[in-house]
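Below is a structure I'd like to ask you about.
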Amino acid sequence: MSILVGAETRVVVQGITGSEGSFHTRRNVAYGTRVVAGVTPGKGGQAFDGIPVFDTVAEAVRETGANTSVVFVPPRFAAEAILEAADAGVELVVCITEGIPVRDMAEVHSYLRRGATELVGPNCPGVITPGVANVGIIPGEVCTPGRVGLVSRSGTLVYQIVHELTRRGIGQSTCVGMGGDPVHGIGFVEALARFEADPDTDLVVLTGEIGGDDEERAAAYIADHVRTPVVAYIAGFEAPPGKRMGHAGAIVTGSTGTAAGKAEALEAAGVAVARTPSEVADLVAERLDRRATDA
Amino acid sequence: MDLYEHMGKDLFRAHGIPVPQGVVARSPEEAAEATRRFGGAAVVKVQVQAGGRGKGGGVALVDSPDEAARRTARMLAEGFAGHPVDRVLVEERLPIERELYASFLLDRSSGDYVGLATAEGGVEIEALAAERPGALRRVRIDPMLGLRPYHLRELTGVFPPSAREGAAAIVRCLFSLLREADATLVEVNPLVELVDGRVVALDAKVTIDDNALVRQPDLAALRDRFPIDEVERRARQAGLQYVKLDGRVGIIGNGAGLVMATLDVVARYGARAANFLDVGGGASADTMATSLEVILSDPAVRVVLINIFGGITRCDVVARGVLEALGRIEATVPIVLRLDGTNAEEGRRIIAEAAHPRIVSAPTMDEAAAQAARLAGEAGP
Amino acid sequence: MSILVGAETRVVVQGITGSEGSFHTRRNVAYGTRVVAGVTPGKGGQAFDGIPVFDTVAEAVRETGANTSVVFVPPRFAAEAILEAADAGVELVVCITEGIPVRDMAEVHSYLRRGATELVGPNCPGVITPGVANVGIIPGEVCTPGRVGLVSRSGTLVYQIVHELTRRGIGQSTCVGMGGDPVHGIGFVEALARFEADPDTDLVVLTGEIGGDDEERAAAYIADHVRTPVVAYIAGFEAPPGKRMGHAGAIVTGSTGTAAGKAEALEAAGVAVARTPSEVADLVAERLDRRATDA
Amino acid sequence: MDLYEHMGKDLFRAHGIPVPQGVVARSPEEAAEATRRFGGAAVVKVQVQAGGRGKGGGVALVDSPDEAARRTARMLAEGFAGHPVDRVLVEERLPIERELYASFLLDRSSGDYVGLATAEGGVEIEALAAERPGALRRVRIDPMLGLRPYHLRELTGVFPPSAREGAAAIVRCLFSLLREADATLVEVNPLVELVDGRVVALDAKVTIDDNALVRQPDLAALRDRFPIDEVERRARQAGLQYVKLDGRVGIIGNGAGLVMATLDVVARYGARAANFLDVGGGASADTMATSLEVILSDPAVRVVLINIFGGITRCDVVARGVLEALGRIEATVPIVLRLDGTNAEEGRRIIAEAAHPRIVSAPTMDEAAAQAARLAGEAGP
């Protein structure tokens, strides 16, 4: 029915009393998401719209059984907030915060490798399972329940492409904004693995961008492990060359990071690659029709 | 943020890494004076945020103050590979025994630090990696573990024994610098062993994580030392991500991905974008006014395409912002406006009621791009 | 046929040119173990009894395909040596060194949690698969190939009990000396899981000691996951009270660490607990006979 | 190594943790003088490597120098719970508002550090954990991550708000101390909030990792400051692990596990061990001589059982060592010798040929224990 967030999701909002945190908490609650706790150090014991606020995530988990955290705290505290959620035993952390120093994220990434906590983000719009739960800042109004999964590096492209799908009457199982920071949590590969295992996802849309080699690795993974049809779009065919990590960076990633290179890698793995967002929706509709005809 | 070589070398010095003596010169006279100080022979190197200087004529060995002045004059006048040049670095010439290579960087695929070293420095490292991967030593370093003695042994083991000790001291400092300065890349190419056995960093390439500049005030201060286009400066000050391109359709959008996609869709309809401009999450009247000013300052622009998909951003706010901006600045070209997402209907109503003569509303991203291409006189298929 | 070490084991000896390292390397080679490389920083390029010596484990792995390391370096370098082996991609590290500060081992333990490298030890006699490979300092002469697995916290008790088994004609599949340090690698639970999965191990002997709660955790694991018969011995029924970690230590481990408490926990999990080493061998012989009769 | 309270408090002071003013006194006079200095009222506390002093009469509130002298005299004379007492700690009396508890330790089950805190200090912490686990806050700290602000918030959150800030400063220092001093346990029970709001460590329990003493020279130096039995000192100096017990069979073996097993087997045959003595890996003549001397100095010993399973240790070396030792010291009781493992036959041959009148050879551990029990006059079933 969905991946990552669903009916069993119980959210603790880290930074619930901040301006971002409070605004989106209200939206997520209004969408029907079970927000069971908030955390703001020093405000433990208070309540926010009836949601209990705690000083620590550990306390929130102990008292409310929260299993998912969403992080809205400022960049200089956000890496710590993720570590705190992991140490408190939260299963999934969705970090919305933008601007976290990459050194901090590298440390977080190393730490999470040994535990059971999954991370989405940072610098991402979050995860929504339409009609069920919205954890983050994706506008729920553009989504509609259905059987197409979506994973995207870009935030606004999630909105744009979901909108195109919804306009054509194509609903979504889960939409994942993985974020575009260099060091991040769940990426294309991890999302694809989950969608592949989800019996209620018929097709996956993958939205990439220039830079890095996430798309190339996704292509390799699709070739070997994914039977679910995949439609992709890479933003930036016309964009100026992305920032590169210097000469040595290119060696390590083994990729020049261009949209054309990424599209080629995906097409070689049997993925239909669109050139514009509306073409994504066209290709999805076409594949679903073909699938329906085959069945 | 890529540092100029001389800034990188200042950092190197501060972290105990030996570099040649050098002086930054902003004029031929200063370069001549520096060369005189180094005994009449020196190396003159353009300072740009780009690589490939050795091949591209950005480095000159000079044998007299006059020659230094002449080469500097040409460099300052001609720039380098499209980059403006406002300074050169004049350095002493050192007797080199052999050229090595060492670097550390944050590998975004794995989230680990990676150290690279080879005894064949001075060449293009990508080419070496492709042609003779065995010559390149590569070490993965867990960010929580940090650089350990065995990592260092593994990296410097690729160097000739005579250079190992000197190189190890430098490589250790490079890693400290990487972490303490919040760098995502530190690269020394070439790292040289001198005839007298000393090991010295002859070049310095350092990239600082932009997100970390808030806690690196000294490095953040360098940001304003790079020569920059007046328009770009204005955009940056307003918190806009702006990159100049060479088409005719000015682009404003919210979110890097959506803006890039807008460029793609405009291209689909046969036109080319004049710029990349991401207003980010905000879309106030001020933001819109500055964005329009920035774009309209480019004489090539024939039409502006504003593409907003409201999430956090509310379309009614954007609509009012655009109208208010147009009250302040004169729109010399048509503006195609596409509003979707949060409060889109309200936004469209506001625009319709205002009936501004320059504004053309479009219901979808594709139709907006098609309109813009047509108005730019570049309409394609 | 065995656990942890076997015919595919290719050993690199860390500290091969030291007095301990060289002595036991020769014994292990004489036993038939494939020792393919040695590491001593500064001695790369030399050879020891025809075995190539390298400056780093990474180089040894690259050049010789070593997949198992045995650590004989002095205590102040030993934790680093384990980290080095792990970073070099070695699958199993057997650390013989005694006297490593526990703070260093805590760091190693944390680091290994996230990777694929297994650790046996430190302060342990190593692992032997009789007739196949001997990695460490267990005297190979007392062992004989067979179908009883053994895992022990004490080193000399490995020898004593194996000797008792061999005297009665009962051979061993693999003998694991897990070491007695507070923070260690593979313990009873991990060894039991491997023996349980090994089709050629018919019975497991578990040799514990007073102190800590390894035996209590083993008992809980056996109750839930182990079908292979287990015979145990806990040394120290008559011993003076073991050193404890202060009052708080007892709370954390949830055990007072006495031999009687441990025996009781194991017996409650269906384990036959002997009171002396020779009784272990008697109980093993009896169980194997019963098993043979049943079959 | 468990530190005395006053040593732990010296460490606390060095790490910035507030403790009461105190003076170590080794005589009633010194205790009286200290009490006088504290204004005539003080607390006198025995210094032993053991807990439970509060209940056991090891802590006395005194209201005059005379009383301090009297109580000190008794403590020095009587010892505490079987431990000799050679000093007391005399401390100022502080006005206590409430008693809290904080500790860190290395958890051997998980390999992590664990922090514990409760607002109900001063009581036995095991009892509290068993009866009201909810009152005890427990935080797991990854050794590579270290103590983070949220760990601290979680631990101190269990304290009343008035004490949190002061307690947080102390708890942070406790963790630094744990790591910098290579401690496996630091415990403050009670940690007290004073009437004036200050938070102070009223007690200090610190255990240092013996393996780390090589890199903690200041702490290693404390090792020799504990009063110790002369026999134990000799054993320790020879690198032997020796613990006195109260049976009649002296035990020597190689390896802690094997020695413990020997105790068990001797008990099986109806006798009781007079000691635990592990010679470790070595078994030279010197080691054997010292071991025998140590054991024979115990007048209760009626027989010695030497149980060696040779691995690294070679039985021929042990055999020669035993014979050489018996050439140097007189064996006043029979010695049962069991040799097995590496070079056992050779070792047995050497013993047989020597035909020493005091040595009884036994082929197995069980037979050796049976013999020893018989010779001790305690033979059982």
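The chains carry the letters A, B, C and D, assigned in the order they are written, with residues numbered from 1 in each.
FYI, contacts are C-beta pairs under 8 Å (C-beta built on N, C-alpha and C of every residue); 3 or more make two chains touch, one makes a residue touch a chain.
Bear in mind that the values here come from a model prediction, so they are computed numbers and not experimental data.
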Starting at chain A, what is the smallest number of hops through touching chains needed to reach chain D? 1
State the chain with the largest centre-to-centre distance from chain B, centres being mean CA positions. D
Between chain A and chain B, what is the separation of their C-alpha centroids in Å? 27
Need the CA-centroid distance for the pair chain A / chain C, whole Å please. 43
Rounded to the nearest Å, the gap separating the Cα centres of chain B and chain C is 54
Listed in rising order, chain D residues that touch 2 or more other chains are 142, 144-145
Numbers and ranges of chain C residues touching at least 2 other chains: 110-111
Mind listing the chain A positions that touch chain D in their complex? 41, 44, 55-59, 80, 83-84, 87, 111
Complex contacts: residues of chain A adjacent to chain C: 110, 113-114
Of all residues in chain B, those that touch chain A in their complex: 2, 51, 103, 105-109, 111-114, 116, 124-126, 129, 136, 142-145, 179, 182, 184-185, 187, 189, 205, 207, 209, 211-212, 214-215, 243, 245, 253-258, 260-261, 263-268, 272-273, 276, 309-312, 340-342, 364-366
In the complex with chain B, residue positions of chain A that touch it: 75-76, 99-103, 105-107, 109-111, 125, 137-139, 141-142, 152-157, 159-160, 163, 180, 182-183, 207, 209-210, 212-213, 217, 233, 235-240, 245-253, 275-278
Interface with chain C, chain B side, in the complex: residues 139-140, 142, 144-145, 148-151, 153-154, 157
